[in-house]
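Chain nomenclature is as follows: A, B, C and D, assigned in order of appearance, with residue numbering initiated at 1 for each chain independently.
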Amino acid sequence: MINKIVQSMADALAGIKDGSTVLIGGFGSVGQPDALIEALIEQGATNLTCVANNAGTGRVGLAKLMELGRVRKIICSFPRSANSVVFEELYKAGKIELEIVPQGTMAERMRAAGAGIPAFYTATAQGTLLARGKEEREFDGRLYIMERALRADVALIEAWEADRWGNLTYKDSGRNFNPVMAMAADTTIAQVQHIRELGELDPERVVTPGLYVQRVVQVDRGAPWV
Amino acid sequence: MPYSRAEMAARAAADIPEGWVVNLGIGMPTAIADHVPLEREVIFQSENGVIGMGPAPAPDAVNPWLINAGKQAITLRPGGSYVHHADSFAMIRGGHIDLCVLGGFEVAENGDLANWATSENDSAPAVGGAMDLGAGAKRLWVIMDHSTKDGRPKLVPECGYPLTALRAVTRVYTNLGVFDVTPRGFVVVDLAPGVTLEQAQAASAAKLHTST
Amino acid sequence: MINKIVQSMADALAGIKDGSTVLIGGFGSVGQPDALIEALIEQGATNLTCVANNAGTGRVGLAKLMELGRVRKIICSFPRSANSVVFEELYKAGKIELEIVPQGTMAERMRAAGAGIPAFYTATAQGTLLARGKEEREFDGRLYIMERALRADVALIEAWEADRWGNLTYKDSGRNFNPVMAMAADTTIAQVQHIRELGELDPERVVTPGLYVQRVVQVDRGAPWV
Amino acid sequence: MPYSRAEMAARAAADIPEGWVVNLGIGMPTAIADHVPLEREVIFQSENGVIGMGPAPAPDAVNPWLINAGKQAITLRPGGSYVHHADSFAMIRGGHIDLCVLGGFEVAENGDLANWATSENDSAPAVGGAMDLGAGAKRLWVIMDHSTKDGRPKLVPECGYPLTALRAVTRVYTNLGVFDVTPRGFVVVDLAPGVTLEQAQAASAAKLHTST
């Protein structure tokens, strides 16, 4: 019997190695796997490359992981948010590496990794500072730059419902980066609000088929919770 | 008298026809939606995967799972739907968004936009989806004050700040008027009531042409 | 009021020009827009490039369009099916051009067109006859070939339900190429089994958002019908 | 006595562990599913976007909207789901399919597979998803007769027919036995009951190694 549901946060995070690249889902607080991030702090892996839309806010979650010196590099589209104090301190002190990626390029680079595409061309960022060092090429009279796939060791994501095969549904704007990150990591770990019996999920509403998910853990409440 | 921010938003809103799919940037652009009546069906897309955003919810009816790109609580209109981030940006980058409206630091007379970083040494500039929207939307409008707070013009012959998108802006809404970006450069579409061409030109570093 | 629903097949197909590239959805008979293909035969456009998984079967539908001499070129993955008699006659007589594309490459080339990606790299077909004339490139020690986006003037697709905004749901394996083709054409025309009121479709079940669809026409029965 | 087709399918099925995601090619590979008991949860994927295929339906319970890649009526297991063609091939090409089993015209000792066209001048060869599956699946097994009907060997030093995928095949199931593709070439895993190594070698153009 396939059963991807694990019973503890320790089991969910087991085996994440120092030096891993870790994708962290969510956009704002919606779809952000807060409980898994806390568990990663407990788990202890360090020298991490983290990929997330933002660079953490306040002094909790991803920001706390950074403050503890566990993040070597952050890849994100929007590091400067209302309360990104920890990142800004570390960045000014030269203690964290930053790769800024346009939001759509970030999503597409992970989708490409999941789809077996090592590189693709896009007009986004062509001619800007973020195209520095990237190959430029013309197709049909327009200039594009080449972007590489962004693959990871681990994805930490949040979903709404799961079954024991790892099938996932999302709620409202809770999809965001989560289904894309699930495709791009060797080990995808999902925190979910609800566990359903196999066959209970509407096949037409499953957004992430279970084959993209290695472990599922139920949390009493997500963020934001309902 | 120059347009107020609300008047600028209303002026831009008036130019959006029914049926367009529109992405509004964070900040001043977001206010444009408030000036489009619900009966005029404009489909607002948010890059976090929401298609068909409706007005802000009543405070006691907030759905914590439903936000826009500015992280504000929103509603979904009947006919709305959800996609994930790669599908959302496929729409944006694939040319399926009729209009994007962004804020701006500078717009050049060739349509270049600078709106994400104020210098090459900016401590951690944040780009978000601006470069994707700039390169991908069918039309790119910018809504911004005509000058900076310390009086520097923002309509320029050439951008001094790092670029967001090249030759992308098609129209600019400022507190002084509305300006099309054309092969000739900036062309005045409208001036705010009581604002003269001379006043607008004096506040611009780039030449303002008239359509005649 | 946005209303993409048209009342006749003639309205649905209006304006398709000679020389157009036309995407035709479906896999086998499931999700195949039979009524729209019949209407295209009526409509009269010729010198077409058609993109479909197969090259028509029997002497109806796409096969009939080919038999009438209206198809200059077919782009497909599987031209040789149980009853692809018309195609085989035309092909042997040198009266139709054929471009064979691996099925996944075909889908991905249309998805790329829809997503603003002019070209991408894939390992599929590398080193085979179907890589002839294509650029080869190594990434991380593996060889890939470059494939170009496949964009079209028109897509004819079938869906299960639609509303007046053009939002579409599909039924079971009826999705197949349809949502991908909807992204890749300037004018996407959908035949659907059911028209629903705006707001009646579950937002979590909409697979093709209406912005990808220009015209919707209800058919009394699709193929296969329920 | 060589394996019958059913025995070949059963032999391959026995080697598929619970939990694998498996794509079965049209023809002989499809029969493998019949030999995997439902209690052993193997997730069968079909390239037309079906994940979690179940057994064929009863004749009076056919759902005309639900077919596999061979256009046969199928069922969906509890836990099954649907995706569109680009998402389906993203799974295949992105390495998320644990195993693909295809038929073959020829398999070379370096793992090259030829199974889509019999010559460069084939009148309209049909590739379908074979090249995607060959390049993308984590493991590629081939199930085929050991020789052609006219007695030509199909395990060869080098393919003569146009290639489907390069260095991709990891194991071959034939009526004479099971053979791994290794850096040394073909290595015998098992021979059908009563078939000798000499008989299998005589039916092969490539050298068959033993694991010892």
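Remarks
Throughout what follows, contacts are C-beta pairs under 8 Å (C-beta built on N, C-alpha and C of every residue); 3 or more make two chains touch, one makes a residue touch a chain.
Not measured: the values here are computed from a predicted model.
Annotation: C-D is the more contact-rich of the chain pairs C-D and A-D, by number of C-beta pairs in contact.
One inter-chain figure worth recording: subunit A and subunit B are separated by 28 Å, centre to centre, where each centre is the mean of the chain's CA atoms. Put simply, the C-alpha centre of subunit A and that of subunit D have 35 angstrom between them. A straight line joining the Cα centres of subunit A and subunit C is 33 Å long.
In subunit A, the residues touching two or more other chains are 108, 111, 115-117, 122-124, 170, 172, 203-204. Looking at subunit D, residues 76, 82-83, 89-90, 92-93, 135-136 sit in touch with two or more other chains.
Listed by chain label, the pairs that touch are A-B, A-C, A-D, B-C, C-D. Looking at the complex, you find that subunit A touches subunit C at residues 108, 112, 115-124, 139-140, 142, 144, 148, 169-170, 172, 202-205.
Only residues 18-19, 21, 41, 43, 45, 51-52, 76-83, 89-97, 135-136 of subunit B touch subunit C when the two sit together in their complex. Interface residues of subunit A facing subunit B in the complex, by the touch rule stated above, are 27-30, 55, 77-81, 84, 87-88, 91-92, 98, 100-105, 107-108, 110-111, 122-130, 170-180, 207, 224-226.
In the complex of the two chains, the subunit B residues touching subunit A come out as 46-50, 63-67, 71, 76, 82-86, 88-90, 92-93, 117, 120, 123-132, 134-136, 162-166.
Residue ranges on subunit C touching subunit B, taken from their complex, read 1-2, 111, 113-117, 163-165, 167, 183, 198-199, 201, 203-204, 206, 209-212.
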